[in-house]
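Listed after this line are the structures, all set down as structure tokens.
Common to both upcoming complexes is subunit A, partnered first by subunit B, then by subunit C.
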Partner chain A sequence: MMSALKLMPLLLAWGGIVAALARYFPARRTWLLISCASSFVGGLAGGNLLLTLFKGEIASGAVKSLVGMCFLCLWVVALAAFYRVTGSGGRSIPGERKKPYMSVASGAASLAGLLAGAICVCRLAPQGAGVPLLPLFVLGVAGALLAAVAIGVERFVPADITVTGESLLALIVSLLLFASSFSLQLDLFSPLSMKVMKFIHDFVHQFFESMLMPDHLFFRRDVWEYIGYLFGSSVGFWGALLIWFAPVILICAAIRLERLPSVVHIRQGAQRRKLLAAFIRERRCRLTVPCFAMLILGVAVYNSRFPRVEYWDPKPVAVAMNASGEIVIPKKAEIDLEDGKLHKYLFKQGGREARFMILSTPDGHLTVTLDACAICKPDGYGQAEGAVICYYCKTLIPLETVGKPGGCNPVPVPFKVGADRVSIDAMTILNRWSETVTTTSRIKGGGK
Partner chain B sequence: MRRLLTLPRILFASRAVTPLAMLFFLLLYIGVAFFSPEPLTTLISFIRNYIPLAAILALIPVNCAVRLAMELCKWGKRRAVMKGETAKSSLEDLFVETVRLSGTLPLAALKERLEGFGYRTRLTGSSLAAWQGISLLPARLLFLAATFCLFTGILISTTTRISQRVAVIEGEPFPLIPEGSDRVERITFADRRGFFLEKTLSVEVAGKDGKKEFGIYPPALYHGFFVYPRYLGVAPLIRFAAPDLQADFETHVILMIYPPGKEDSANIPNTGYRIVFSMAKADDGDDPFHSGRMTLLFRILQRDKPVTSGTLAMGGEFEGDGYRLSFPEFRRVVATDLVRDHGVIPIWAGALFFSAALLFWLPVRLFFPRREMLFMETAGVVHACSRAEGGRVRHGGVFLEALDFLDAGVTVAKGQDEPLRAEELL
Partner chain C sequence: MVTDIIETRGLTRSYGEICALKPLDLLVPEGEWLSVMGHSGSGKSTLLNLLGGLDRPSGGSLQLGGEDLMTLSEDGLARFRREFVGIIFQQHHLVPYLTALENVMMAQYFHSVPDEAEACMALERVGLGKRLKNRPGELSGGEQQRVCIARAIINSPKLLLGDEPTGNLDHQNTGMVMELLKELRSEQQFTIILVTHNREVADWGDRIICLDDGALVREERAGR
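Right after this comes the complex of A and B.
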């Protein structure tokens, strides 16, 4: 029941994709239905095979990359549309639209179906294991039935709402991104924000270096604070929003900026006005689908920012060091260190403090790491769905890689494992924490 | 020959070249970002090391230069036609809308009518030109020139930049020519609130050519290298003794520990000792680098285990737990990049051109956009052409009215003496 509820928005998104395809390719609905249903089932099977053969991270990474590539394609198409319209002399003729080929229809339906199916199966199996056959079969049947219903319902959508090639792609990609946003492993917006933040940081740094501009040491504090905004997480968020919505906005702009048809050859004013009014009305109707796609993308951003996932984030337990300068934590006491959950500790000594965590990875190894990474502000980590998440930049770190250094992974700390205890050198952890926090606090908003 | 020239023409002159090249680098960046933690620097090193990538980047300035020439040429041809000369290329290429009408032109009446709409006119033989506003061509040319300069600068900078980090130390020869006679006489650092900067740094170098002074910005040129000061530090003479060491250790070390709080460390070779230093903030609020009254905080580590720590003023001595540490003297240091980069000036020129283009484009596009019409009679056929860089609806209305006027004849045009308002025509 819970699984069905979890999949409901994804299946609705799939229905929307089929309806949009049916509107764009109205000629052979049966053929479209077969393509859609079979590709959706294929996507389920393929996704499940990936999940069974490989670890969850690899399978979801592959699906996420494919969705990312679709988003990239949307960017290219949107830029081309905008470029075409803003070109000198570019003028459209109403009613002059290329008829879509059946092969294109099948191709689009197959790709969308495969991806939608794969996203659904990844959502159904968040722990990264394969899904049993029965739920998979039920999901396949539901997807096929939904495709049939969507094709039927599409007939009742007002005929004025037309779909162009660009807006069809915009709607399909936005629905796929919407479906992905329900799963932390498939979500694209958070990693995009992080990459944007990194790019802006690198770009500003490179610009300063290339243009031989002085470092913050010499800058006025107020001026540097303005520059510091560029390194903050909010810039990553707003930049990602821009990249996220820009293709759809470009498609809307391309439709809106489409030049009015030439009427210089018509000498009757009434006829001219009629022609232009018809064109303007039709152009307005064509904006409906990309505007809807924009709304869907907005919901996907909301899902990404406020995921319906409860992170396991225990309150740090205060610990002290013994006479030999070690922090000793028993493996099994009130807290079971090997239960697969994240356990946080706080060590304070002479005005200095360090926050660290102990976690048993899926392969059964204990790891001790700081509750901070080497590049973000030390906002700490939470645990969810086979990964820990950096609260600052929302990067997911698979549990398998916790304990390894680099990137946004929590900074590992040397420790000794005994038969019944874990011991950590107190000075080492204090120094490691100080070094990390000093580095990441040097730039306002973190080091990214 | 014409066919042979087609490919280079498409390659260099097409409007699509610059966006496509940019798209290519965007995709490359995204690809690199998957595999490298430092995608931007990796991409720059790719361009530096692989000639085909540099060639693709070079397409952008070449395309801009060719387009600049083409657009200037097109503007020249249109201007000639507007002056009444015979068109040297197709009117369709020069204007956005063209229409052919049969009959003869009542030019004088049309001229009067267009002037009524606020157009300036020129009647030359069988041709009537009407225009309003200022052309955006200068903004477009500035934009293309800016893009040319920017990408030329990026290309030059990426492929030929040479940079070396040196320590400029008071009393030592200037590192660019160590064997030369140029010596760093003094390094001064002071507060001076400017538009962007609040500090000034002056590195005074004396040599056989006289005295030179290098500041922060703009960077000075020295033997073809930009002198680019990065960070500040001190070079104290350290004397160190430990209970387990046979002899005292004495050496000059360079510590990049400015501003106060920043840490740097010095290794004592072959002993396992490392001393971590940072600069203490002055109690009186003075800048220690500026005043020269510096106090250093230190931690002595033996194989990464802290053994002792303390505070020591320059010129003072610390003694405790069997350890002795003193700084008998110190010199100021500026970590400086010596950069040979011929791309910096074109990039700044590009930024200047972009600003100028924007400053010209915005008011002209908003308030005085160029609108042109041309009516030309040749061999019994009237060519009516129009283009507008802004205010298209109003201009289109006037153009249609003019066409209706020609079609209906002067005397019965809409049955009115006063010209119609343009908005009424659509």
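Right after this comes the complex of A and C.
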């Protein structure tokens, strides 16, 4: 029941994709239905095979890359559309659209169906394991039936709402991104905003390096505080938002900027105006689909910013060091360190403090890391869906890689594992916290 | 061959128990100027409202330009009025806070898209080329009626309806307006149906029909 609810928005998105395809390829309904249904089932099977054969991260990574490539295609198409109307000799009125080839219709349907199916199966199996056959079969049948229903329902959508090639792509990609946004592993907006943030961060560093300026020492602290705004998550968010919406905005602009048809050959003024009014109205109707795509993209951003995932985030337990300067934590006491969950601790010593966490990775190894990474502000981590997530930049860290250094991974700390305990050198952990975390929080708003 | 632009068969309109228009059979050939005469309450305006798609008949059939008005939806009727009919009222019904030009452009806006140059030409055609920026309150009755004519013809209607268009005008202005309508008809070939009390005005038409108590009582060729 919960799985069905989880998949409801994804299946609705799939229905939307099929309806949009049916509107664009009205003469190929039967063929479209066959292509959509079979490719959706194919996507389910393919996604499940990936999940079964490889680790969850690889499977979801592959699906996410494909959706990302679709988004890149949308960018290219949007730029081309915008150039067509604004470039030299811009287009006036779109010519009579040629009847699309059956291969084009089925190709578009197949690609969309494969991706939608794969996204659904990844959503159904967030822990990275394959989905059992029965739910997979039910999902396949539901997807195929929904395709048939969507093709039927599409007839009731007002005939004025027409779909161009560009707006069809915009709608399909936005619906795929919307479907992806329900899964932490498939979400593209958070990684995008993180990349923008890191790009700006790296760009500023590279700039200072190329100018041979010792950046952290060159300016006073208050100057750095202003520069620090550039590294903040809000800059990443707004930058990502721009990249996210720009292609659809470009498509809308391309439609809006289409030149009016020439009516000089029509003698009667009223007829001339009627023709122009019909074109303007038709152009306005063509904006409906990209505007709807923009709305869908907005919902995807909302999903990404406020995921409906309950993070496992225990309150840090205060610990003290023993006489030999070690923090000793028993493996099995009130807290079972090997239960696969994240456990957080807080160590305070003479005005200094360090927050760290202990986690048993899926291969059974215990890891001790700081509750912070070397890049972001130390907002800490939560655990959900087979990964830990950095609260600051929303990066997902697969459990398998926790304990390894680099990137947004939590900073590893040296420790010793005994038969029944884990011991960590107290001074080492305090120094590690000071070295990494204090530096990252030196700048208002963000990273190092 | 001249086709009939208006064809009514047993056209009636009742308001409760009051029969404002008794069954009327009427044929109006394309391009004709038909004057409708009658006393107050004889059903002239009722007939005009039905022909203009402003009101729906209670019975009978009504074909205008090949379109059956009885079967048209509200949207269809609105489209029909927009594209097919131009109306001139006795009281002008110009928007007081818009200029003469804007009043004409408003009719263009509701039809399709405004075109200032074309609206200017229409006003120049009715002799108001120098009064484009004047509001109705700054125009005389005759000038207001000419703005009304420009507004009515701007969308090239096939049927021009006039409900006592000269009722508020003096003899000289009446003559000017009627002369203008005659010239415009010969240029644009539209059909005119004019409701009037005034025999002199009715005589500008090709044919006169007289209504009394909602029924057609007399039909004659006009005298000019």
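Convention: the second predicted complex is superposed on the first by the 416 of 448 C-alpha atoms of A that agree within 3 Å, B and C clash if a C-alpha of one lies under 4 Å from a C-alpha of the other, contacts with A are read in each partner's own complex, and residues count from 1 in each chain.
Convention: contacts are C-beta pairs under 8 Å (C-beta built on N, C-alpha and C of every residue); 3 or more make two chains touch, one makes a residue touch a chain.
All values reported here derive from a predicted model rather than from experimental measurement.
S.K.: Based on the superposed arrangement, let me know which partner A:Ile280 touches: subunit B (first), subunit C (second), both, or neither?
M.R.: A:Ile280: touches subunit C, not subunit B.
S.K.: Of subunit B and subunit C, which one touches more of subunit A's residues?
M.R.: Of subunit B and subunit C, B contacts more residues of subunit A.
S.K.: After lining up the shared chain so the two structures overlap, which partner does A:Val223 touch, if you call subunit B first and subunit C second: first, second, both or neither?
M.R.: Only subunit B; A:Val223 stays clear of subunit C.
S.K.: Quick one: classify A:Asp202 as touching subunit B (first), subunit C (second), both or neither.
M.R.: Touch status of A:Asp202: first partner only.
S.K.: Just subunit B (first), just subunit C (second), both, or neither: which does A:Leu72 touch?
M.R.: A:Leu72 sits against subunit B, while subunit C stays out of touch.
S.K.: Looking at the overlay, what does A:Gly269 touch: subunit B (first), subunit C (second), both, or neither?
M.R.: In the superposition, A:Gly269 touches subunit B and subunit C alike.
S.K.: Once the two structures are superposed, pull the subunit A residues common to the subunit B and subunit C interfaces.
M.R.: In the superposed arrangement, which is not itself an observed complex, subunit A uses residues 269, 272-273, 276 for both subunit B and subunit C.
S.K.: Tell me, which parts of subunit C touch subunit A in their complex?
M.R.: 83, 108, 111-113, 115, 118, 154-156
S.K.: Touching subunit B in the complex: which residues of subunit A?
M.R.: 72, 76, 79, 83, 87-89, 195, 198-199, 202-203, 206, 210-215, 217-221, 223, 260, 262-265, 267, 269, 272-273, 276, 406-407, 427, 438
S.K.: Where on subunit B is subunit A touching in the complex?
M.R.: So the residues of subunit B in touch with subunit A come to 15-16, 19, 23, 27, 29-30, 33, 37-41, 44, 96-97, 99, 157, 161, 193-194, 196-199, 201, 216-219, 226, 228-232, 258-259, 263, 305-306, 337, 339, 341, 343-344, 347-348, 384, 386, 396, 399-400, 403-404, 407, 425-426.
S.K.: Which of the residues in subunit A end up touching subunit C in this complex?
M.R.: Residue list for subunit A touching subunit C: 268-274, 276-278, 280.
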